[in-house]
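Letters are used for the chains, namely A, B, C and D, taken in the order the chains are written, and counting of residues starts over at 1 for each.
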Amino acid sequence: MTSTRQLAKSAGFGSVVGVALMLTAFTLIDFSGWWTARTISNVVHFSSILALIAMGQALVIISKEIDLSVGSVYGLTGIAFITFEHSLGVPGAVIAALAIAAVCGLLQGLAVVRGGLPSMIVTLGGLFTFRGIIYVWTGGSVRNFSEAARENWLTKLFGGEVFGIEAAVLWMLLMLAILSVVLKFTRFGNHLLATGGASDSAESRGVRIDRVKIITFVMCSVMAGFAGIVTLADQPQTHVTIGDLLELEAISAAVIGGCLLSGGRGSLIGAVLGAFIVTSFRYELIALGAPSSWFITFVGVVLIVAIIFNQKLARWAGHNV
Amino acid sequence: MSDAHPLIQVKNLDLYFGSFHALKDVSVDFHAGELVGLVGDNGAGKTTLIRVLCGIHKPSKGEVYFDGELVTEFHPKLAIDQGIETIQQSVGLCDNLSIARNFYLGREPMKKIVGIPFLDFKQMRSMSTKVIRAFGLRDNVSADDEVERLSGGERQSVKIGRAVEFKNRVVIMDEPTNHLSVREREHVNELAVQLKEQGLLVIYITHDIFQVHKLADRVVIMENGEKIEDASTDSMTAEQLEEVIRQGGRLVEKMGS
Amino acid sequence: MNYVTKLAATALLATTALSGAAHAQDETFRFVMVSHIGSNDANMGWLTESLAAFEEKYPDVTTEYVSTNNYSVQEHVRLLEQAIATKPDGIAVPIVDADAFEGPLRKAIEMGIPVVAFNIPDARPVGERIPYLTYVGGDEYLTGLHLGEYALEQVAAGNIPQPTGVVCASHDAAHQGLKARCAGMKAAMEGTGAAFEELFIGAEPATARNTLQSYLQANPETNYIFTVAGWSSPWAWGVANDMGLSPDVDNEGVTVLTVDEAPVSIEGIRAGHLLAANSQGFWLQGYAPMEWLYWNKTLGYEPQSDILTGPVIINAENAEKWADLVRGVFGDEEYDNQNTW
Amino acid sequence: MADAAFKPLVRKHSEIGIFLIAILLIVFFAATSEGRWNNSYNISTILQITATLGLMTLGVALVVGTGEIDISVGSTFGMSALIYLFLAVRVDPFIAATAAVCVGALIGAFNGYLVTKTGTPSLIITLGSLMIFRGLAIALTSGFAFSIPYKERGGFSYFILGGDNMFNFGTFAGVNTGFLWLIFALVVLTVVLKLMPYGNHLLAVGGSSESAHSRGIRVDRVKLKAFIICGALAGLGGVLEAGKLGSADGSMGRLMELQAIASCVLGGCLLAGGRISLIGALMGAFVLSSIQSYLVVMAVRPQWFMVLLGIIVVFAALGDKKLRHWAHKH
């Protein structure tokens, strides 16, 4: 009992339970060849991309804000990456594209912190603005990578395979490790948790909550942008709709993973597992032959169940949420 | 002052917040016409106890009797309807509402126009104006001003004024003299005694044992969620009671180590 | 191919023949195209290009193009009403939903604004339908049907495998036109015994790939993929290719079909990735309505029948010619930009 | 001097910001559009659009007033529109409308119940139901539209449910009956909010739910009612929009929730709760519709729509915030 409670204290515990339940269910009612290498690799690959975005979102939610613009930032960065490649080459394009993502995050962070506006409104504006910029910039279609660029070592590094494992998966694991260390073992991580948990107290202890929030927004946008680059390095055929509605899936993944929106609590590994759950359900629903619009409904149901479950779990574990 | 039939009777009360044990097996009686001082350090459980009495928290275990009847449902609405007025320390006023609206929050006077109940602003305004004048708020403060504009003392005055205005059977005061000037403090203390003399039960919560010793008929001391002393002010001096608090603190420290 | 040349030639001829009359007018006109093809659809380029060409030809006309970004009937009617509010000299609009458009369009026609329908007609009989001047465009249902029939011809010729499962991959579950394309394909495939399914893949590339891949894994009998937008065909091909399903046009594995005379469709066919696409004559769908509005305004012309601009099948045989034609309209750079293979 | 007089006014009336923005925009639009924007026909279309968006906005404003948020209203709007159209041709328009509004109220009750009973953030709960009911709407129509043919939309019942225009004289195309519903809802809700106990409780809950609770107010019930009213209003908006269009597909109401929330913020409603202005929120809806209409009538290329909309929303919110900040400075 006590040790379970101890376990449940970590925010990501709910998603671990979720994944365990889900895998059990898929094993028991296996209509669709769930346990095949191909299915797993398909699901894990897309989960990784979504997880990269969801981790950034988790950081923002921990700081007690929200970022609705990640889908558009993901798209804008990806398109910048492809478009700049023609003039700057692959390495230059990666840097330029990530710089654009960082600027997106910076502008939104500044508007939230300095402008004192709710992040929902600011990032809603961002959602429209960045998507609009994509439309204006591309005029409706996105150019493709040159053959040379597809063979570039950097493209391979972001989008290739290592020992049969998609690079996206490895990048996701690397980012998970780095961000977990940052969150748990660095001063910034401590400040971030304090800012989200009790911004007044954090400020009174000398934490620059303004800066923490701005940095978090920048990190979130850069993560989303990075996910865009990783996606396109692997599969460069794209379209102006890139990233459309991805913010909903990213927020869902983060919430399923134990981010409670009351700030100061959240789990990166939870966000990763949340992304895995969302993607797996899509596969299973399609495999079961459900009409595809049910997927939206289903994510909605999972989201509501997950937040209630996670909240109850956190309360049971003794957190005041 | 004690008669056979306590107005409020608390029996073996336990309260948990998650895994935190906030009240531990607390039993205490309160009688009508009595002024009881509830004393203890921060985190001793005083506020938690009275929050049970005024219906904000539901006890995890144990019983509360009001006027001899077992209380089965806990909600501030029910407590207020029963005649328990509480002056909360940090809550009780909504910054965004006017003084008049705050004053009557939850028990708005109604005026029916073609059968539809509307707020009776005339009454709300006149009554709250009367009270804020009586409590000496700045002259430029009107009943239509939002509470946001008031100072800490003024807010406290509005809360006390409201409780006194609607006094019924029990008035609970949680650190009522915080934020107040010396003169205001005396005024509040006089009011507490007056209320008691009118036959009401007054529960007065404070840190300051010396202050409450002068007013109260009885003092209940809490420490770490437990009741550690319950004595009439005739039987113990303030110094003795202070010693109890100090001992209690040490006792807890010992237990913790 | 002949059909298209003929269509294009008719328009061209008419243009030159009447251009003298055009310049005689002093008046200037403003025509508005209220479209359902938004910024997320490269086909918008066809229409805006043709409007620009039209303005060049008729300097006394200004044209405007307004459209929704994410399609919805509600948004479209709003745009239409606002376009009417500017009291233009003519309106071109697709009749996406006759019930919803009838009110505002009748009002516009009463106000003396001529209306030409393009891309999607009012499907009801002439007497009952909205009294617009004429309709210029293809037919969404026939688009799907003809492509399906063409595929079955190829099966008979032994070029591609017999269909065992057909999936119609749509990026917008609420879009009527796309539904009609799928319905046409379904009708064509009836009788072959192949399973038919409509799959909503969404417009987001990574999600769409993931959805499609999941579908193909769960339904291994599927061997025809019909993407109802040209730009989603590379994704379908890519997914099938990653899964080792041999998606190129040959007598094995998966066969991919798509729509539109977009560079991405044409180049996909030329590269042997796609079996076929279709042309609805998008360029004409932009140009011809404007021309009819102009003739109606200046000369009082009213066409006697609808003007069909498609569908025409684009396949490996005529793709070269299509490529030249489309390069001619868009220019090389834009053409290459839109080729996302 | 003018300063001193203006400050308290702004402090008391949070909607002043949006009125100023509206006036500036109207002057700007009228001056730059050569009569394309400021003609009576266009104003009447803007009012019609504001009508349905406005009903939704009023509901969202009430929920925002309690310190919660409801972003499921776009899907509620769509569901109600579909149910109305489905039943209107089969049963009777009035019964259909009642049923549709009830479904809206039920969705609101579903949200409110989950939010209050489980104490979870309303943003996530309503995000969930946004997805649930959007998926249902698409599944329900299986991609095809529900509609009532134009010719059958004659009678009184269709007229009163957003059907035809009235007050049309001269070139003014009149206002849709939907607009009358909006005015009716505005008046009723303003009276409830300002003059009745429920309004007092609602604002108290938004201002400080703890204080309200300690004064004996059933916080959960107040919130639940706000959610129900919000759902019903979104449902009514859907019915009126469906009545006007005569047709609806699975995308009906998509993204409208974002416009409604933006309208509330522009109109001076504090997302933290406790301070709302219904008339301000409506002005917000009017301003958003006006901006969109300006972009359309000026034939701004559609790809610029989103950029401009996004930037304008943020800057308008910023301007409003600055104005209030200034007013509260001593």
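The rule is simple: a residue touches a chain if its C-beta (ideal position, glycine included) is under 8 Å from a C-beta of that chain, and two chains touch if they have at least 3 such contacts.
This is a predicted model, so every value here is computed, not measured.
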Item to check | Winner on C-beta contact pairs when C-D is weighed against B-D | outcome: C-D
Checklist outcome for this item: The chain whose C-alpha centroid lies farthest from that of chain B is chain C
Checklist entry - In whole angstrom, what separates the CA-based centres of chain C and chain D? => result 35
Checklist entry - If you average the Cα atoms of chain B and of chain D to get two centres, how far apart are those centres in Å? => result 43
Checklist entry - When the centre of a chain is set as the mean of its C-alpha atoms, what distance in Å lies between chain A and chain D? => result 31
Checklist entry - In angstrom, rounded to a whole number, how far apart do the mean CA points of chain B and chain C lie? => result 74
Next on the checklist: I need the residues of chain A touching at least two other chains; which ones are they?
Outcome noted: 135, 139-140, 291, 293
Checklist entry - Tell me, which residues of chain C touch at least two other chains? => result 39, 44, 69, 173, 200
Checklist outcome for this item: Shared-interface residues of chain B (touching two or more other chains) are none
Checklist entry - Which chain pairs here would you call touching? => result A-B, A-C, A-D, B-D, C-D
Item to check | chain B partner contacts - residues on chain A that touch it in the complex | outcome: 5, 315-320
Item to check | Contact footprint of chain B on chain D as seen in their complex | outcome: 195-197, 200-201, 203-204, 206-208, 210-218, 274-275
Checklist entry - Which of the residues in chain C end up touching chain A in this complex? => result 39-42, 44-45, 69, 171, 173, 197, 199-207, 209-211, 213-215, 217-218, 231-232, 234-235, 238, 243, 264, 336-341
Checklist entry - Of all residues in chain A, which touch chain C in the complex? => result 32-33, 36, 38-39, 42-43, 45-46, 49, 71, 135, 139-144, 231, 235-246, 249, 279, 282-283, 286-289, 291-293
Checklist entry - Where on chain D does chain A make contact in their complex? => result 69, 114, 118-121, 123-125, 127-136, 138-139, 142, 250, 258, 261-262, 265, 271, 301-311, 313-314, 317-318, 321, 325
